[in-house]
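The first chain written gets the first letter, and so on, giving A, B, C and D; residue counts start at 1 in each chain.
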């Protein structure tokens, strides 16, 4: 089992998982590592490291703004990889890079994947790399470098498509709480919990982790009633923008035990 | 079919649908239905009727005598400026609103640069009684004020895009975000041959009426359906796609695509995608785009809001890569001068976008008996203040 | 011919040529030649060709479904707004520039109110490479700024008229003065069916293409050449003359002429000539005009620069006196509201002049199966700021 | 010969005639009579009294402005007739009313003519009443009331038309110096003197009086080399606007002997 991906290992733990997203290089260029370390220290289970992009069209205003700032700070693909090169010396929870496809394409997809493996990245989330393109062109490469590619589903995703996505996934399914760009909501209504419930009852092979709209203990608890875990993005970025890298413990505590 | 789209949604290496999953149902619904809908007799009838009675098609093919004399060649202007709302954009919005109706959509969103597509969208929404939201870069809202006013008159809501370069690219991002947030009742009317498949093909088909008409109009005037050259400016590339469409596979007809060089191709303030761009992904499509080595999309610049875009549609990336079309880059100053020239030689004030196409005569010499068709994509009413200021008239 | 002009240049009691001797040679030259020139095959060919390829005629006859539903009758819009330069005015300027060329003139002058005629004149002058001077009231220069910009782009000189009410009437005076000062090389392109004979007849003939087209277009759509009603706004009356022309003697077709009531017919700020006018002489023609008991011409008022004129053409004076046409007066507010309504119901922003015609439905009820043709004389691009300010959009 | 019109009598005098135009009611409403008296006193031979009109399209800016002011001052047809009702008690030179046709039409042409006769007006100049309309509709009326109607000719008027105008005239012909609205010129060139000469050689039955562009002794002398007299309009209006009704003597002296 030594070769098992950290994501899969983590998913086997008997607990609800808290995953945190943040934009690399935000608020300051060199905050990346300390944020990662801080998050692990304070009990976060998994982290999505955002590779900033100039045109993040699936993100809401908060993440957009943090991306823009990170780029202004000097963040690039190369800078991020350099920042992370020794990360596995200090951080052991699963790390996922989340970013748009164009910067990866320019880096070279294979080179990108290889570098991720070298560093110890466990998976990728690429919102604008569609399932079929991945499947036909990039699956082999990702697998060669031991990377889990995480796909999204939304309330509008058909049952057939969910089943298909489940069939080609080998980590977890990113369950978008509502078909909505990040950071737009507060609290889940019956429409969303019905949807969580519907997916939970599909008994998919991959566990689901809910993203979009998780911002506090209440939404985290709601989501994880139905799913294996939940991802917090905008709420954490807002926290960073207000407090910098301080008080991360308070933020995480507040989510986990309110 | 070597230059047109293949059945996977690609033009050679370019195209496809690089979209977030949140958009998949909408784009897939469209992909599965657009050709079916467009083939329905009731659709065709309504589309043709509206193009004729509402838009005012066919648009004339006008022999510009004084311009021809000046450049010693035979220049025809395809008068898309005479369409209702003043540009080619409405050919597409009429088509898409009819598609949206048949898909049961109630709410329409659009992006706009020059505002012509926004106006054309607001217009068809008024016509059909549908809600309309138009995203427009903050900079473009300022430099195309008349079109903003028109959208408001037509009952549309104009939402400023405040991020990035605050121009067309960013307006498109905002429209996509809106669509992600409103996945069920909303249709996104993209204004050019950009975006994920099937948009580039769908928009090109709606715009193809331009070259369809050129064929029979030239036949009437010249006894043959083919010109020697067709010239069109390229922002996203919809007017060019329409003007080229029926000639794509006929290599006797030379195609010239005109891009905005802004303050100079290498000035750092330009939108000359073919020269400066590399392959990549923008707005859901694999194509040529201006970007950093790192894959960040570059903020483009052109005096014309409609060409101020860092990409081109995948058809044009393919036409460039294969050499099927010649690409010429025109600076702000060359375009403005050509716009003034056409106004004073032919009594036609072109949009600044269009003026780029009219500026190629210093870059490219034609023979006296060449037949050169320039797609006069739009009128310059929206640009008057810019012209006046530029020339201190 | 009961309603059209007689061989002395009069419509019933109205018309003639009440001009200073200084203008006699010019007007007489025109009178003796206009019919001859217009009958020349080469003239007809050039005129028709330009109307088709340059102006974009035929202009569509568009069935306005949502407007028809709202007013429970069948409303067709004759889309003169789709003409090159955006109004009916160009039908006349194309004709007159060809006449001027054949008379050997080198310099063109014109008056303009809304600026549409000025633009249409500047346009044909650019097309033909002729010098162009346009007189425009100072007030109108301010309220129709986009058209002033267009004239400048087209290379015309715009000269402000500073006397009187500084609107159309005064611009006309200035143009006449210019003609008196430049009697040999200059042709005066009058923009409406006003002025000394033969202008009203000549302009009406050039505009008659409108009703000529309505005839065959209605035949195609309704199986008969005649509507029940034709509606047109009347400033000087050229778009109305064109729309009425081929129906003048067919009294089955009811004619409705719409005038500007400004702030109310009896508010003292109005341009409702038929109600307020008396017989008299203005700009060389005997007609109805607003005047004091003492015979001084009253300064008119309308929110629309193109209807802000104290007279009407002699044809309309005759149609009014004989009862052949019904005259309806529409206030500023009614017109603006109707303009906004058309924008949002049909996606067509009308000129404020035209908007007066669209406001008659509260004054006049039509039957469900009546066919009502409204002459959509021009587009509202020139009026956007006024609309925006008026409705605080 | 007692019934001979004052104009005809004046034309028989063996001298060059100076005629002056001014707008009635300008600079002040009630200046009309004193200006008339003053002009006669100082040796002027004939006067054109301008009946102001709102839209004087054959006039240049100076006369236009004086018309507008006169109307503002309250001038109307009725007011003018009232001002003039006793004029023949003090003024004996020929008086001509010059005005546009619309105010006369509104007054009633016959009533207007009758009133002129009652007052002792000798003739009318109506720039926008064309020769043929006059001839067909109004000639009889004018003659009934003993009024001479004065027609204009210009450099563009054809020989045939000049002959025709001569044939229906019974006073003088108003020879417009150039086809140009009033007040636009200064000094005559060869084009104009050739024209004066050409007309002089036609030996018309009616003498000619030159108008438009006469502004000083030089132009007066030039014009009257060829014609019976000359009319000054704009130059006198400018004098009035500067000096009011004073210094009229100086103005006239300056024209007649420089």
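Here are a few things to note about the model shown:
In this text, contacts are C-beta pairs under 8 Å (C-beta built on N, C-alpha and C of every residue); 3 or more make two chains touch, one makes a residue touch a chain.
Just so it is clear, the structure is predicted and the values come from calculations on it, not from any experiment.
Across the assembly, the mean Cα position most removed from that of chain D is the one of A. Each chain gets one centre point, the mean of its Cα atoms, and the points for chain B and chain D are 66 Å apart.
Centre to centre, using the average C-alpha position, chain C and chain D are separated by 37 Å. None of the residues of chain B touches two or more other chains.
Along chain D, no residue makes contact with two or more other chains.
Each chain pair that touches appears in this list: A-B, B-C, C-D. On chain C, the positions that touch chain D within their shared complex are 16-22, 24-25, 163-164, 169-170, 172-173, 176-177, 180-181, 183-184, 278-284, 291, 293-297. Residues 52-54, 56, 59-63, 66, 79, 81-84, 86, 122-127, 129, 146, 149-150, 152-155, 340, 343-349, 380-381, 384-385, 387-388, 393 of chain C touch chain B in their complex. Residues 53-60, 64, 68, 71, 76-78, 100-107, 127-131, 133, 151-154, 156-158, 161, 176, 179-181, 184 of chain A are the ones that touch chain B when the two sit in their complex.
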